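Provided herewith is a single structure, encoded as structure tokens, for subsequent inquiry.
We call the chains A, B, C and D, going by the order they appear; numbering starts again at 1 in every chain.
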Amino acid sequence: MPSRKRIKEIFLLFVKSKMGLAGLILLIILASLAVLFPVVGDQEKINNWRNYEYWIDYPKKAPPCWAQRNSFPTQIIAGEDTERYEHEVFRVDDLTVHSYIVRFIVERNTPASMNLRLNVSYNKTTYVYIAIVRPDGQIVNLTNSYESPTLTSMRTVFGVSSSSYNGTVYKNLASYINNPQIANLYISPWLEANNIAVGSTELSVLSSKGSQIIFMKLTSAILTNPELLEGEYKLRVDIISRDESVSTGFVSLSLIGTCYGVLGTDVYGRDLSQAVLYGIRWALIIGLLVAFVSTLAGGLYGILSGYYGGLIDEILLRIAQIIYSIPVLPLLIILSYMLKPSIWNLVGLLIAFGWPGTALVTRSMALQLKEETYVEAARAFGASHGRIILKYILPQTLPYLFASMALGVPGAILTEAAVSFLGLGDPTKITWGRILNEAQASMATVNGYWWWVIPPGLMIMVAGTTFIFIGYALDTVLNPRLKR
Amino acid sequence: MRGIVKAVDNVSFSLEKETVLGIAGESGSGKSTLAWSIMGLPPPPGRIIGGRIFIDGIDVLSLKEEERRRKILWQKVSMVFQGAINAFNPVYTIGYQIAEPLMLHRGYSKKEALQKAVELVKSVGLNPDVIHRYPHELSGGMKQRAVIAMALVLDPPLLIADEPTTALDVVVQAQILNLLKKLKFERKLSVILITHDLSVIAELADYVAVMYAGRIVEYGPIEEVYNNPRHPYTQLLLSSIPRLRGTIDKLRFIPGEPPDLINPPKGCKFHPRCPFVFDECRVSEPDLITVGENHLARCWLASKR
Amino acid sequence: MDNELLTIMLKDPSIILGVNNLKVWYPIRKGLMDYIYRRKQRFAKAVDGISFAVRRGETFCLAGESGCGKTTTGKSLLGLTPITEGNAFFRPRKEVINELQKAGLSTINSDIVDIFRLSWKGLKYVKRDITIIYQDPYGSLNPSATIKDILEEPLLIHSLLKDEEERKEIIYQVLEQVKLTPAADIATRYPHQLSGGQRQRVAIARAIITRPSLVVADEPVSMLDASIRAEILELMLDLKRNLNLTYIFITHDLAVARYICDRIAIMYLGKIVEIGDARRVIENPMHPYTQALVAAIPEPEPKNRLKLREVPIKGEVPSAVNIPTGCRFHPRCVARDKNLERLGDICVKQEPGLTTLNNDERLVACWLYRNSYKLSPEKSS
Amino acid sequence: MAGLGRTLAIQAINSLIILFVILVIISAMFVYLNQKQLEAVVIEATQMFVRNLERNPNLTPEQKEQLAKAFEYNMRVRFGLIGSPVERIFNLMTRLITLDLGNARNAYLGASTSVKDQIVFALKNTIILFTTATIISTIIGILLGMSAARRAGSILDKAVSFAAILSSSIPFWWLGMLMLLAFSFKLGWFPYSAKDVYVAVARLQAMLQAGQLDKLTYFLKYLYTWAYYMALPLITVVILSIGSWAYVTRNIVLSKLTEDFVMTARAKGVPERKVLYGHVLRAASPPIVTIIALSLISSLGGAIITETVFGWPGMGLLYWVSLLNGEAMLLAANVYVTVLLFIIVVFALNFIYAILDPRVRTDAATYTPR
């Protein structure tokens, strides 16, 4: 049995090899990220991963902020930020008006989207007036203004009943503005009032980019070669009601940026960095569990088969060989398709097909070892089979088993990723394969969403390499045959 | 554990035509390294750091690698290897491997070369059909004969036989030694026979060099050395061999362990194990001293006499 | 047969081991085609019916070329290879007999056991009394254990000494017995830190640590250099004298056999062809095979180089699967060719038994000597 | 040569057993798990048929009922829903073997809706891609491995080892995505979708028929078109395969380099190049083939999925498509054919191994007592 001194010796040798040290450091990093996810990551985001509502205020398909120059950072002005908006109640004729003016700064780029949320409660006909007040003093109406013959109803903008409503209303203002009708009704009159002619081609630009044009400098080239007008903007929202007891509350205005966080977002606006980080957990769980169980099972199987030999060995060997020659991935595809897609099913299948490799090697090792003179000598001196297996065969195969355990991890991670990539993964678990599956389904490659593609794959690679490093280093340190 | 091993150190000898020189020494004495170095191919990572080798008048080490390959290797000196089991490439037929040098150095066609191989194979007492066989199909004795045939294919004047009979059974060993003896007379070969077994040397060699720790410690005509050994090492070695005939004397042996070649002892390398050691032995190493006609010994005792 | 050897043994308490008609046949794996053609199971007959007896205190030698079955015979005595047929009657030392009886295992005449009929447990007790030394000093010691661990192993297996200090003491004592000093230093080393000769001495120490009465030495010196070989042989002779050991000495080297052995059995293809006093057999071999074997051995005699060595044998050793009919040596026998008229085809047709010669104690299995048979053949030496 | 025949026979039997085991697994899974779904399909189809029958005024109700029953029975036969589970498994197995699997709901690219046609079409394209890739990566890999072994410890050697480590932990299909991002999206050198090769080739054909192209130009353009569309998937597979080829070659050649016969060859005056490529590589080739066969088993699946990314119209893309459309039969057939392809490849490699290694070819497994 290797003494404590020898274990320490092995450890020192292991750390001395560059591969071993690199592998160990990477493993420590990966493992601590996996364990400490609640600290370093955002558990709430992971919990809400499949709750698409949760992600409304996040930019969609946004690249990471470090990769985009002149990006508009997401700003969320919430009801609590009372210093960032003003609330006023006044009456105009028989109408009660709740007026909000929300201030925000636009610099470097226009917001990709603006989400407005308000609490409203009324029992009589209610209208809404929305306008943007620009730093240059220009006012861009986004609904009918007080001057126009009719006011815009709540239904038109928020899609709720105009006669009575009690609750939160929500509007994505950007998609509201990017609309031919709105462009025609409000934006183009504004431009024309400033002597900018809007023909039918310009109108089509407006109807797709109106939400950005309103943040541009008012020049004659505003439509062809727009230039950002930086400064403090104000969003004015008036709730105009026939109901005197109308009550309102400002919930939030989210000015959604053109970039997000460290790793950007996906098509639902989800924070990819969290998913990539969280993926470490599953990769480690799958990889280690599969490698550990299948190596252990395979090792025992191989040792018993090789040591006992004869007919038992013949049969066990055939079984292992057949399973070993089965191409796993195609079979996994069909099995995952038909079984309930669950990560534990997949782990089970990977183990079921993963053990024979180790078994075949340990078998031949056992076969060779039991022929070693010193093993025969132990038998000659009366050692029992159990003693020989435990004291002579097993310790000699342990180095190989450790190495093969480490080397088995990448295979499991890769296979899980492939199965998930094909969309057969566990839908409730966030794995790197699944992120890539969603990327492929959203044609990330065609659209150039590189931030969605590169990090998960890179993580697969890093995780794989970590264990291969460890495996190779273990192999060289523990296997005297390679040391030579 | 790193260091420089002087596997062969300061070895000089000459070999006349048609004679056999036996080089004897126990494991680790540098015999095999010497054999390969004579061909200019010291086993890696070893290097020849000094000395000269003349074969048939050609200064081997002064030649460029390519020249040596074309002029010396197998043409002037060929080799019968230790562990003939692995001397053949498992994926080629015996015939091809015997014939290969002919195609390479003499420009024979494959057919001609194989024909020559058949002749050779017959001359070493093998059935001609072995040329179509693969190494794994031959027994140890047959393989050893095939290796000898391969060594003779270019009719070299010098043959190095490195442990040619180790790992063979006694009967086969006797047959192979007979074959070598026959070939030596028929082909007028010069042979360097390297082995740990003094009995095998006695079967073949005219001269013998006894090596210890990378050096020749005794050299001379075989009768002289065997009947009148002058170096204590040779004396002890000869009296440690059990005999088949005559009285059964108590065997003598050399106490202690062979020297560590990374840190060899000072003075005479044999002094820590020598029963006749005295002060001088511990201080400086003796040269080879002439102790008889053609008979040299590296021992202070020899010079005293 | 069975009882004849046993009867002799019962009468003669100096016999420590009697091997009777031992056969070790290995079945050849049948291939697909063999099953299709329903071919009979074939065997490699490594040992094919040998009998011999060993006296307490002697060195009994099994000699022959590789593949003759000498090692298999040795190993079968330790239950290391499954035997096909035969008995091995062994007289263990008192304590072992006591242990066996305590464990309720039966013995013959309360001092003999048949090794081949023992249960695993019984065999384990006997293994305290029969030990083995292997040929390869590099392979026979566990490379990842220290010398102390290696020597402790038999003690632990047989739970001989409960106290670690006691075990240590005995280990040091044995190491000193095999002249490995300083023992305390050697004990902490690993095998790769020792020279070949030192390792072989460790192997010998392991073989004597349970104080056995019979040691099977399987070519213990054939991988060693000449000077070390002599040292080990001397050590073994010393130990034999001091510890009252009996050796079964397996070797291919008749010169070594002549030096160390009292009696010798020459084996060829699984059979004993000649058996007798070691010196006389080697100096005056009777069986044609023994003659060839002796003739083939080189000696450090410079005159030998001047003449070809006459080895009266032809061909190569046949495989143990295809053993020739009749006398298994006949296809290679030069003596038969010379005496073909007298012998006729008896060598091809009938296998000769071991028979005592008129003028000698030794037994030879050869038709050449059929005219000189004694009338009462087959006395197991 | 008896040895070779025997080795191959054993190998063939092994392959058949593996195929059988996989067929049993697939079929059994189908019979047990997919039954309800198929049952529902049959009932729906029968109801549809009955509704159509109702509109036919020429039939008596008895006839209608009979026809409906016959229809349902036929459907059940088609979906393998007749008989005991064992029979069903067996039926499905025979249908899988013969690829008699009816029609898929959607057509696949150039092929008809017949499952068999689709599989054959996909198989052809997969073979084109992977044969080319294997040939290229074998040659480069072996040359690289040899150079690495010759200069063990050099920068090249370390690079080969490192590349092998990296490539065994990079999914083929992910590298494919990267290639697309770099060479199609960013640089615009190559097309996104390789399946458009058929459109491009059809256009060429039309031009040829219209007399706008002479035959030679057509042929050159034809080759160019294939190369253009195949380039990215090919490069991806080659890049990730070279590493393992080179590494395996390096290790085995390195171990062979220390063997005695290499020294023999050198002593015989064989030039170093011939020693390496004639003796060492030749002797190393059987184990190289074996190890490559083993590594193929584990990597080919991932490689095939690469097709998905590039839209190369082979088996990999068919996986994606059949999973997307929920075509279980198509999926099963695809799995079966992929496995078949694997087994044939491995069998072929074993055949090559047996030819390369005289010890197998001549079978000298004789008993040698020790």
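Here is the rule we use: contacts are C-beta pairs under 8 Å (C-beta built on N, C-alpha and C of every residue); 3 or more make two chains touch, one makes a residue touch a chain.
Predicted model, so just to flag it, every value in this text is computed and none were measured.
Chain D has the C-alpha centroid lying closest to the overall centroid of all protein C-alpha atoms shown.
Seen from the C-alpha centroid of chain C, the farthest chain centroid is that of A.
Taking B-C and A-C together, the chain pair joined by more C-beta contacts is B-C.
Averaging Cα coordinates per chain places chain A and chain C 73 Å apart.
Computed from the mean C-alpha positions, the centre of chain B lies at a distance of 34 Å from the centre of chain C.
With each centre defined as the average position of its C-alpha atoms, the distance from chain C to chain D rounds to 59 Å. Contact residues on chain D toward chain B in their complex (touch as defined above): 259-261, 263-271, 279, 282-283, 285-286, 356-359, 362, 364.
Per the touch definition, chain A reaches chain C in the complex via residues 2, 372-374, 376-384, 387, 392, 395-396, 480. In the complex of the two chains, the chain A residues touching chain D come out as 321-322, 324-331, 333-335, 337-339, 410-411, 413-415, 417-418, 421-424, 436, 439-440, 444-448, 450, 453-454, 456-457, 460-461, 463-465, 468-469, 472. Chain C contributes residues 75, 78, 80, 120, 123-124, 127-128, 131-132, 134-136, 139-144, 153-154, 157-158, 203, 206, 210 to its touches with chain A in the complex. Chain B contributes residues 36, 39, 41, 43, 69-70, 72-75, 78-79, 81, 83, 86-93, 100-101, 104-105, 134, 136-137, 150 to its touches with chain D in the complex.
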